[in-house]
Amino acid sequence: MKKVSILMLIAVLGVSLLTAFTPATPAEAPPEQVKQTLVFSSRLFSPPQEQEYFINEIIKPFEEEHGVIVNFQIIDDQTLLDRAAVQQSTNHVTTDIVVAHNSRMAEWIEAGWVEDMTEVVAGWTDRTFSTAFEGQTHMDGSQYFLPVGADVYLLLANNKALDYLPAGAELDTITWEQYAEWGAAVAAGEGEGKVCITGIPAKSWIYMFGGTGLSYGAGFPDVNSEGAMEAWKVWETIGKAGGFVPTVLNIDSCVDPMMREESWLTVFHNARAGQVYASNETAFTLAPAPTGPVGTGSIAGVSGYAIMKGSANYDLALQFLEYLTRPDIQVKIAKGTGGFIPPVEEALEFLGNEAIDEVINKAVLVLENGVVSGVPAGDYQDWGAVKQCYDDIFEDTILAGADVTQARLDEGQTCVEDLLKTE
Amino acid sequence: MAVAIGNKSFRNVWSKAIPYLLILPVVVYYALFWVRPVLKTVFESFRDTAGQFTLQNYAMVFSDPDFIPAVRNTAIIVVFSVTLEFLAALFLAILINRKFVGSSFFLFVAMVPMALPAVAVGAMWLTGLTAHGWLNSLLFYLGVSKKIYWLAGSEWALLAIIIIIDAWQVIPSVMIILLAGLQNIPVEAEEAGYVFGGNFITVLRKITIPMLQSTIQTAVILRLISAIQIWLIMVLLMGFNRLPVLVERIVYYHEEVPGLDISFQMASGYTIIVSVIVSIAALLYLKVSGAFGGNQEARQ
Amino acid sequence: MIKKKPTSLAKIIKSTIFYLFVTTLGVGILLPAFFLVSLSFLSTREAYQFPLPLLPALSAKYSLTFGDRGYLLSVYDDFDDEYQTVLDTAELEKMSVYMRSQIGAPYDIPDIEDRIAELESGTDPVYFKARKNLLLNYDLFFKVTRDAVPALIRSLQIAGMTIVISLSIGGMAGYAFARYVFIGRDALKFSVLFVRMFPGVAIALPMVIILANMGFYDQPIGLSLVYSVGSIALTVWITASIFMGIPESLEEAAQVFGATKFQAFLKITFPLALPGLAAAAMYAFLGAWNETVSAIILTQFNPTFAVVVYQTLLGAVGHVNLAAAGGLAMAIPSVIFTFFIRRYINQMWGGVTV
């Protein structure tokens, strides 16, 4: 018995050895339908429902129309770059299209791994890409990335927190001072802080604070200007009142804490806010980000499509991108995937009146009327390190309930400026 | 005559060569796939951004404010987790080796934690340790309504949590090596110990553990080496920087802030320092435990 | 016979205590895993409740009434013992999707229309029940994970090859270290381990580049070659310590009876070394099965199962129940492997006949 099972084990291993040495033919595709395959690797649309939607509603029609296969893969930004490095340096360029975040676009362009699309885009007359992101999608006047899935920051509140809303505050026009007061009131009433920010380093605190800063006339990134100081004071108020969730340092995304009701208040990424909102529309309220003296400030993020240099399927890749960036398709993508903003001006005509349109509308409102900044990551050696300059200030002053001093902020500003690229 | 001598010496050489020939494939394998990047990293650790020889990378690592805490945290984790994991694994292995009815199934149960992939372990502990997670839910059902903020405690509390949940997953892998070693101790040997009046403890000390010596050395050295290089579970639960440990610093410069001018230098500096630390620790352990040269007796 | 009874009673008590202890231990070990399994069957709504339900509910109770935007849907909450509102919409499709994906208790649009008809005819609110789809997360996981089956097969192949490579190459060396005394033995044995001491994260990328340049880009065997580097070192040490524990005299005895050295090895030492080989195989299997860093970079059209799972779950924020299901789907083959391999690890002395 034992011998038999050992023999079987050896046989199985032997067979696996043999089969693996045979050349790796795409065994899944029978020979009669050897279709052209386009490899599309994306950081965007990573939530499983979004993947499902993108595959079924966006990719499938294209596959059927053109008789091709689009191999859709979700990969994070860093791995995308690592992978591109290997593919480019060993001459095995198998990825055709990549989708990168705007904070990483400079790395792609500088490495020379993506195609210049300026002339192609000039030929598409039916769409005008939002100019808000040209700082990242373009370099030296040439366009390398086509923007998709833009985001701004929205206020999301659990309805249980509405009881504590300061007198006179209206959700759609709430100011940052009122927001801080609100967070403090919730903490006092519940005996536990309920404001969520991402306390794990190098996540999105820089953007959450950045929006406050912009509302007070600060730049981005700007740690220690007069406006920035006022913005820090808003967060200081919450910190001193013990208004942050106790587990704030373990939070890398406010989605889970908001859904678990560990936290009740947050100002975050509109697509993720939309996701929480959709999980229980009657339990949450969504509003534009709070305002300051200058307006509603928000950092705007975006992702971008680009074609890999050396792609064997350049023409097909181009056709696919032409399809994906059509205004109606951009809207379809945005609505099916949590409420990103379609960064094509013509797209807004295609919005309807459903709840998801409301999310998008509020986001568009912020993008159009607010004080918005992109992410100038390309100016810095490493954007993650810049984020940490902000994270450190949060951790050692605000969370600790201490005063935000000008000296500490100047130190933070030096931290950021030291990271500027040296050239 | 001359031919015979030649033949004899050939045989002699041949039998001397056998162990080397048996080891040769490993050497060739490493040479093909592994040595080059390692050497490259070693060279890079001595070069500055301009490609000149320098010791500055090491100076930068040593003056990194996170270096000392990283060494300290690593040392604490290694001391406690290796001890804890070894004792627990030895206990489990001896228990299972008693071959009680169902011991085979119990072995399976005890091995389950090691079979879980990082993504499952991450989901398990993240949902467990959060304020509204299953650990607090369990406490709630047991009548404790006060929420415990597991991951918001002091550094010591965090270290303790890391050590415990790492042990949960790693004990089986230490155990299976020990158990495999226990299989080769004849039952008669232990029985003889009892016949001569030994109790469980003395038999364990005088018979089982000495006979298990080389297996214990293997199990501990392998665990020691990977315990020094712990990082994934910490980053899964707390992100980078919260509780710096040595290999986490390497990954930090590789993955989290790869763009800094100094990232590559820091990463290669840390890499070499870590491998030196691990080598010294391993060497020390092997010397102290008598693994070198002294195992001729163990073989007979 | 009768005399023995007291001792056997004591024995029963003793063994009861023993089994109680073993069971407690087993339950303790499995407790975290239990929550993971339970989580993978919870709906998203359940998975984000506090206290977390210990087991998934088998059905959901709904109530429907008029709302501001259309119809207001509520779900019964066992813990709070009341209906809680979840959705206010006029779109029936949206309601149906919500019931399927968030509550995990699907209800078709025509059925919703019937309930609405009841509501419109004066029953307010309308109460109804729907069966839970317990496999919801697994359904979604395999729907999103493209080519899961070929990836699974590929991963098994890769793990199998890793075991073959590391056991053959590592086992030989392990035998040499255990059985021969030769110059440089300790130094060599220690250097073999250096592969494990050098942080692998630092050289993952360069190693992958070397393999890609050797023509192993997107080839499963290439990954086995990468994974074997680490597991060979383990195998050498584990097998060496096991071979050391097997008395050489047994082999010599067989040779006295006319067996060649190789035959003696095959008939005597090898079977006795099986536990050690099994333990080493376990390490090799898990190392290969769970690895993603190299696999993502080295593969394109032939991903491993770990890679496709990573791709599905990378963005599973707010969907921890799906992450649990995906993690478990990935764990099942290794658990099965564990189930079989344990028999060789826990092999009885003398269970092998000479």
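When the chains are written out, they are named A, B and C in that same order, and each has its own residue count from 1.
By definition in this document, contacts are C-beta pairs under 8 Å (C-beta built on N, C-alpha and C of every residue); 3 or more make two chains touch, one makes a residue touch a chain.
Note that the structure is predicted; figures quoted are calculated from it, not measured.
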Remotest chain, chain C as reference, centres from CA atoms: A
Dominant interface by contact count, named by its two chains: B-C
Chain closest to the assembly centre - both centres taken as Cα means: C
Distance between the centres, which are taken as Cα means, of chain C and chain A, whole angstrom: 31
Centre-to-centre distance between chain B and chain A (centres being mean Cα positions), rounded to whole Å: 37
Intercentroid distance (Cα basis), chain C paired with chain B, Å: 20
Contacts with two or more other chains, residues of chain A listed in rising order: 256, 260-261
Residues within chain B bordering two or more other chains: 132
Chain C, residues touching no fewer than two other chains: 48, 50, 313, 320
Interfacial residue positions of chain C with respect to chain A in the complex: 44-45, 48-50, 69, 72, 84-89, 91, 94, 101-102, 140-141, 143-144, 146-147, 150, 156-158, 160-161, 163-164, 205, 208-209, 212-213, 217-221, 224, 274, 296-298, 300-303, 311-320, 322, 340, 351-352
Of chain C, residues touching chain B in the complex: 18-19, 22, 25-26, 29-30, 32-33, 35-36, 39, 47-48, 50-52, 54, 169-170, 172-173, 175-182, 185-186, 188, 190, 192-199, 201-203, 206-207, 210-211, 225-226, 228-229, 232, 234, 236-238, 240-242, 244-249, 272, 275-276, 278-279, 282-283, 286, 289-290, 306, 309-310, 313, 320, 323-324, 326-328, 330-331, 334-335, 337-339, 342-343, 345-350
Chain B-facing residues of chain A, complex: 78, 107, 200-203, 245-250, 252, 256-257, 260-262, 380-385, 388, 419, 422
Footprint of chain C on chain A - complex, ascending: 2, 5-6, 12-14, 16-17, 19-21, 23-24, 26-28, 37, 39, 45-52, 55, 71-76, 79, 82-83, 85-86, 89-90, 92, 94-95, 253, 255-256, 259-261, 272, 275-276, 279-283, 354-355
Interface residues, chain B side, partner chain A - complex: 129-132, 149, 151-152, 237-242, 255-261, 263
